[in-house]
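Letters are used for the chains, namely A, B, C, D, E, F, G and H, taken in the order the chains are written, and counting of residues starts over at 1 for each.
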Amino acid sequence: MTFPDPFADLAAALSSDARPTETEGVRIDSSRRARTGAPEFVYGKGKSAEQIAAALRRLLEFEGRALAALVDADQIGAIELLLSELNVALTHDPVGRTLVASVANSVPPCMGGRVGLISAGSSDRPQISEAATVLQEMGCETRSVHDVGVAGLHRLVSPMRYMIAFDPDALIVAAGMDGVLPGVISGLVSIPIVALPTSTGYGFGGEGLGAMTTMLQACAPGIAVVNIDNGIGAGVMAGLIANRAASQRSS
Amino acid sequence: MTFPDPFADLAAALSSDARPTETEGVRIDSSRRARTGAPEFVYGKGKSAEQIAAALRRLLEFEGRALAALVDADQIGAIELLLSELNVALTHDPVGRTLVASVANSVPPCMGGRVGLISAGSSDRPQISEAATVLQEMGCETRSVHDVGVAGLHRLVSPMRYMIAFDPDALIVAAGMDGVLPGVISGLVSIPIVALPTSTGYGFGGEGLGAMTTMLQACAPGIAVVNIDNGIGAGVMAGLIANRAASQRSS
Amino acid sequence: MTFPDPFADLAAALSSDARPTETEGVRIDSSRRARTGAPEFVYGKGKSAEQIAAALRRLLEFEGRALAALVDADQIGAIELLLSELNVALTHDPVGRTLVASVANSVPPCMGGRVGLISAGSSDRPQISEAATVLQEMGCETRSVHDVGVAGLHRLVSPMRYMIAFDPDALIVAAGMDGVLPGVISGLVSIPIVALPTSTGYGFGGEGLGAMTTMLQACAPGIAVVNIDNGIGAGVMAGLIANRAASQRSS
Amino acid sequence: MTFPDPFADLAAALSSDARPTETEGVRIDSSRRARTGAPEFVYGKGKSAEQIAAALRRLLEFEGRALAALVDADQIGAIELLLSELNVALTHDPVGRTLVASVANSVPPCMGGRVGLISAGSSDRPQISEAATVLQEMGCETRSVHDVGVAGLHRLVSPMRYMIAFDPDALIVAAGMDGVLPGVISGLVSIPIVALPTSTGYGFGGEGLGAMTTMLQACAPGIAVVNIDNGIGAGVMAGLIANRAASQRSS
Amino acid sequence: MTFPDPFADLAAALSSDARPTETEGVRIDSSRRARTGAPEFVYGKGKSAEQIAAALRRLLEFEGRALAALVDADQIGAIELLLSELNVALTHDPVGRTLVASVANSVPPCMGGRVGLISAGSSDRPQISEAATVLQEMGCETRSVHDVGVAGLHRLVSPMRYMIAFDPDALIVAAGMDGVLPGVISGLVSIPIVALPTSTGYGFGGEGLGAMTTMLQACAPGIAVVNIDNGIGAGVMAGLIANRAASQRSS
Amino acid sequence: MTFPDPFADLAAALSSDARPTETEGVRIDSSRRARTGAPEFVYGKGKSAEQIAAALRRLLEFEGRALAALVDADQIGAIELLLSELNVALTHDPVGRTLVASVANSVPPCMGGRVGLISAGSSDRPQISEAATVLQEMGCETRSVHDVGVAGLHRLVSPMRYMIAFDPDALIVAAGMDGVLPGVISGLVSIPIVALPTSTGYGFGGEGLGAMTTMLQACAPGIAVVNIDNGIGAGVMAGLIANRAASQRSS
Amino acid sequence: MTFPDPFADLAAALSSDARPTETEGVRIDSSRRARTGAPEFVYGKGKSAEQIAAALRRLLEFEGRALAALVDADQIGAIELLLSELNVALTHDPVGRTLVASVANSVPPCMGGRVGLISAGSSDRPQISEAATVLQEMGCETRSVHDVGVAGLHRLVSPMRYMIAFDPDALIVAAGMDGVLPGVISGLVSIPIVALPTSTGYGFGGEGLGAMTTMLQACAPGIAVVNIDNGIGAGVMAGLIANRAASQRSS
Amino acid sequence: MTFPDPFADLAAALSSDARPTETEGVRIDSSRRARTGAPEFVYGKGKSAEQIAAALRRLLEFEGRALAALVDADQIGAIELLLSELNVALTHDPVGRTLVASVANSVPPCMGGRVGLISAGSSDRPQISEAATVLQEMGCETRSVHDVGVAGLHRLVSPMRYMIAFDPDALIVAAGMDGVLPGVISGLVSIPIVALPTSTGYGFGGEGLGAMTTMLQACAPGIAVVNIDNGIGAGVMAGLIANRAASQRSS
């Protein structure tokens, strides 16, 4: 059996008589990576720099690296200041809006999964970038191609050949507007596809709903869908697929 | 100027002092074909055989041919009986559910437009057949190809080449599920495309809504959409486009 | 056969062994106009002046003219500066929010199509202006009438007569609120109508949804619909219809 | 002051010490007509013949006439049998699906209101018939015209002139599909219009939703809307308007 | 017959050979009041002060008074300046956001209708104020009561008695949140009620949708509904009802 | 502390090494009543008589009584036959569509809670009956009043007085159409109200959605809502409230 | 009988001949607490500091304490100033956005109910805080635990044990995103749960709709739901449940 | 590189000059399994026995096995008869409604992937069975556990342990109603989860929409979703994941 006991944490909690501790109202799941294969992360939307810094600090107590999503560029300075005594490096991706805090010399564990990332248009880059960061933190190798729209089918050829040559374990395909790209690619390859709808488009079905519906209705099976703009979710799903395949390579 | 006066019927009505006549509650628009380029037709859904027969009879008072849509096979016998004294031929298309009544020797006026009809799957044939019948009644020439799904892109090649060789003035492209086909074709050709969503698909976005949304969000412009399963509407739109082009050929 | 081979670009791509090039993440479809009859354009929404300028620059490598949509007035200065060394003229339409960049002496190819543009209210002018610009770039001749609301039917008469006298190959009819105008005009003429819903209206069904639904439910066939506020899409569809008719005039 | 005390029933109830009586679970509002100007009625949908008969019997204890809506033809026989000892006449309208039970010689009170009823298509007759019956029970005079669709504007002329000559206090205008008719008529006359959407139409916005939305978004004010297929509701609203006007005539 | 010929304007237009004139893209319906009983008005939403002033100026060419809706307080100064040479008085209602421009000594025509206005909560005052202004311009007399919520039924008593004493021809009842008030009042009186949903409420069904749905589902008939926040529409409908009744008083 | 350990079952499961047993694919939660205060029940919708009988048989292994919901009358015979050797009494409520199987002499445990059940109309009786049965099985005492519609407020008086005299710990108030009743009652009393929307109503917002929205938007707090037609859910919620209060009485 | 006469206020109003008084358009329900068990409160959203202060002042005429919800921090200063002559203490909770005004020495009446408050994530604290304030004003005792997400089930153990030890009469469980927590807890305990969905989440079903739907579909009964972000509503419902239980303790 | 050329079929089609052949309107994608790793299948919904038999016959021309989904039991006899001369074995699963036709001695290719299938309730078995059949045809090994609802968390323990012991490469987790199960399992294990919402539940969010939304909003990442009731889609996605992992085992 290759998986840890899924109920180990629960059994430990049941046999403990700890009272709930109140640490800024945040209850960190310190064993999440070990149990689920993906790191805990801070969801930055609607949080102040203070709240994000505090949550990162809590995460860093358990691992050498901590990830936050949906962090705006103008919060970086304040977060840096708040974490200054911790001696951590902060890496902010302004496109994907992720922030990685890492203690000196820490690197993500190498798990060996390979994930290809494909965007239908240049508007889908933020979501792809967000997914790429979480994949990096899950120890996956990634390759990206962009603006592979189906409005001119010939534009698929060289990017797809380049991607196939990477021999990926999974693909993330992001698209807004009509969301057609994942289904077209799914009809061409046998690689599992995580479809990532993005919030672009005209009035009706805009904000990603049209794209998500297309993906859920795809004629070519071999696709599963995450919520609109959920780059983290797409990254974790693809990372689990790829790391599982990688674990079989090394076994 | 090539068009008739759009207000001729209105002016005639304003200068008449006719009181409304009550003929089975149906007020036939006897000059519709002359004014709008498309025949009046009977919408059969929810109507009894008696009501359909009565409406066809009214239409036949003005023209040699009359069209009804959404007529079920089990109503044909009764309608035939009800119209038996009129000496009309009845042509029922069980796939498209259309019924054409024509007095002896009548043929539709030849207008010369050429419309290509393409279905994404075999489930889309009824809507394509309905459109084909209204195009025939508008005097257009048609060519159809079926089951041109994008789940295997190579299946587009020979049907599209065959279609292009027909030199169509307009295309009707019907698709259910993810409704991807019209957008993909639109990226390949310069022919105006009337996109016809059909009511097939899985739970969310099923019943044609997903397909319609995809078409409204199509990345490749050159598409306009009619309502779900509205084969008549698609046929009339494409017929007007094609007959306009044809009128310029003969002029 | 009057159309180019729809698969020429695809065949060329398949027999090439080019690797994908990364040019600011944008993959221009340089043969789109030849293949689909409509120019590539830059979708400006959510893009910075730098991104728009870069994309225009890429487009201008292939054609003497380049079009961008949804460009705000306050971005024009920056774009002008960024493109200053290119010796292009920039034409910005503040109503329709389009921007056309053209190298010296370039004019759009004259294709000869004639498209009439009709707005139901003064709030629909931006969408009509956007459509007009893309039609100009497709080499069509246009005529516009505005504020032809059905709340007073008599106001239709002189604008429609003026429009009919133009002998258009297609009409674009824009309307918000109840979206009634396309259907009323469709009952009067035999010209194919591209219905363009606009995002105006009261609470329920506002933001264009009510207008779009009305158009999709129109009792008078001869209408097809583009998405809410999609002036580019309406323009391309009408332009293809009109240029097809024009090609038959000159043939 | 021309209205009765709106709180008379409430004050009476508060000063009574009656316990709730259980009469087949139905609590008849015996003073509804006096208080609100409209009769109580039995909503027949989902009720058995026994339940409808019992409710009618309860209503007939208070007035000489009783109305039921949405009663199917195949229930009439059973209801007749169940009420046979009561010596009432039953009038069933198979189109509007209403049933009126009246004791010998009873006639509805004459209130003098005049309501015009207009249907856009022949599919809208059931709802118009339902409204007409409730108007008759409210003592109004009615005039109806049918199939006044806007797909051919000239068809409005003679019906509208005929209707205007009736000098109505209110209009009920029923329409399905795009629901355009009430708004067009509202732009022509100063008569208050109760718009009645009906459940017809193609896929998206079908079942009356498109029609209702159009009416709620009507550019021409002077319209208010009842729910889809709610002929009773349209009838009562128009009847109250008309009877109020009539009360001022006779005063 | 008490109504003017509904087709007079149309007949005049048909027999004229005027070409469409372009006056700032606005086509004023100068005979709207005569034909429909309600004044033309300027819909201010999304319009600049210049556009509003221009439209008011056009309206003032035909009548001594002009009405604009949804005009923000910060536009008044600019509009005043733009119309300064016209010698008109401007009356702005900051709650209802209406603006009335009137030439010296002009007063609205007195039509004699009486309309009661009732708000469920203090948040509904803007919509009631908007309705009140259009009623004033239609020559109606109004009486208002506010904050008559059903959360404490006893609060209905004195306002409703006060309202009944006014002997109104119609009521406008505005409510947000659960939108219950119109239905409760409809069960108490025989006055036709125009229900006006307002855009308040919690998450699901907020923005007025819950209120509108409740009104459309009201158990007590005698209600018809206008769109969310459409105070103008409610005012015109109630004004037509009341002025019709008043016309019978004076006849 | 008055509650059992919520994690007792979980701890037991974690320390057991049982393999999952496959008993007709149904995994009975035998300790649900002890843990949650409500009995397990069989959801009969879409199940055959065989499936329902099998599930009841499984439940009866743990308790002397077993409950099934949404069981049609025509399945009772078959279920009776299938359970005939078990010596259980079957009580079917054809209105509420519940079925209770009880071994000889078994009675529900008396918990002492008191719940009042109020229906707005006679169409809401099935849901009220379903709730009443689950309350009986939870050992509560119930009192019901029916058809307490707000269309005539005076009809509330005697039922509400009768209900108050019962001194209930909780109320279930069921309503369809506009769903107004729970909010009106909530403004009158201090008893917690479980609002139960039922699937009746006209087109828009019909099927219970309008009623549910009204309840969620209720101006008078003191209400919480269960899903449409979920009589079981309403019953359990009210039963828990009432039994908690009763436990304090007896303590 | 333990409840006051629900119709006492109504009877008093009916026998009074007071005319409606106009006090800033606000009609305070001065006996709400006595009748319904919950205090009147000011809904601050969209109100100015002046309006909030005026309403608080009105409330303070009847009770020693007054509550306002959805009050922003930047309004506190102005409100303080406006109420400065009243000698009241103002307590603002910046997380829950509530404001309590209390005259010197006033304390909320102690009713004795015990309510547990549980949040699934740190984003749900505002709604929990809002509920806590209204519970305090209803005289309930509360205990809170935060960030009890089900993404790691073991994190439920110590908070739930801590909560059970409090012996609560009711629980409020707030959750956004997938809204799973109330259903999981409902399967563990016999305490009635008021589920409070909060407006967090990804695109589709975000803004709390997904959370609310999950709660309405909960497999484990014993849950009822208030609208999204309606902390006041959740507080009042839970307070009524708890105070009812407490009244039985003391009786 | 382990994948075949994705464009091989397309290149072959482009260099062929075949005209489209018309074989019962169905265009089989004979190389789908080789290209995409999943077999072509017949979508049986809405098809007659004749149509299903014809499509199976076409599929059997290319492979020794053919799969049809959504085939009703009452069609099996007719299909058997129609295929009787082909010497194929037919295996119908009445729960999952799949039909497999296989020529003598044919077995599915063994690919080695391992997929665990988990249902939340007994109503989810059809979808799980459908997925299991497509997995069998993709050469995967499967293990299933049923009725693992979260309403009693302890019921997860033994099934999950049994499942983990199988060492699956992927999980399919099916749930209706609140759709909670996939998210809870995702928080316990590092196996990629294909979430399969099923069409069960109460009114609002019923028909699987609530379940699907919950899955798309899952707090625990590591989930991707297929459309409601799309067992085939879930099976193919999970099969691709598992077969990719298996290919790394054997490499």
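Simple rule for what comes next: a contact is a pair of C-beta atoms (placed from the backbone, for glycine too) under 8 Å apart; a residue touches a chain by one contact, two chains touch by 3 or more.
Note that this is a predicted model, so its numbers are computed, not measured.
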Any chain that touches chain F and chain C: A, D, E, H
Type of chain D:chain E copy interface by residue overlap (half), same or different: same
Chain C and chain G: spacing of chain centres that average the CA atoms, whole Å: 53
Centre-to-centre distance between chain H and chain G (centres being mean Cα positions), rounded to whole Å: 47
Chain centre separation in whole Å, for chain G relative to chain D (CA means): 43
Euclidean distance of C-alpha centroids - chain B vs chain D, Å: 37
Per-residue overlap in chain A, given as positions that touch at least 2 other chains: 7, 10, 14, 35, 149, 151-153, 157, 186-188, 201-202, 204-206, 209, 216-218, 220, 227, 233
Chain-chain contacts as defined at top: A-B, A-C, A-F, A-G, A-H, B-C, B-D, B-E, B-H, C-D, C-E, C-H, D-E, D-F, D-G, E-F, E-G, F-G, F-H, G-H
Footprint of chain G on chain H - complex, ascending: 120-121, 149-153, 177-180, 183-184, 186-188, 201-202, 204-206, 209-211, 213-220
For the chain A and chain G complex, residues of the former touching the latter: 9-10, 12-14, 16, 18-20, 22, 25-27, 29, 31-32, 35, 43, 46, 51, 197, 199, 207-209, 212, 227-230, 233
Residues of chain A touching chain C in the complex: 122-123, 125, 145-149, 151-159, 162, 200-206
Partner chain F, residues of chain G touching it in the complex: 1-3, 5-7, 35-38, 157, 160-161, 164-165, 167, 169-170, 186-192, 194-195, 216-218, 220-227, 232-237, 240-241, 243-249, 251
Residue ranges of chain H in contact with chain C within the complex: 7, 10-11, 14
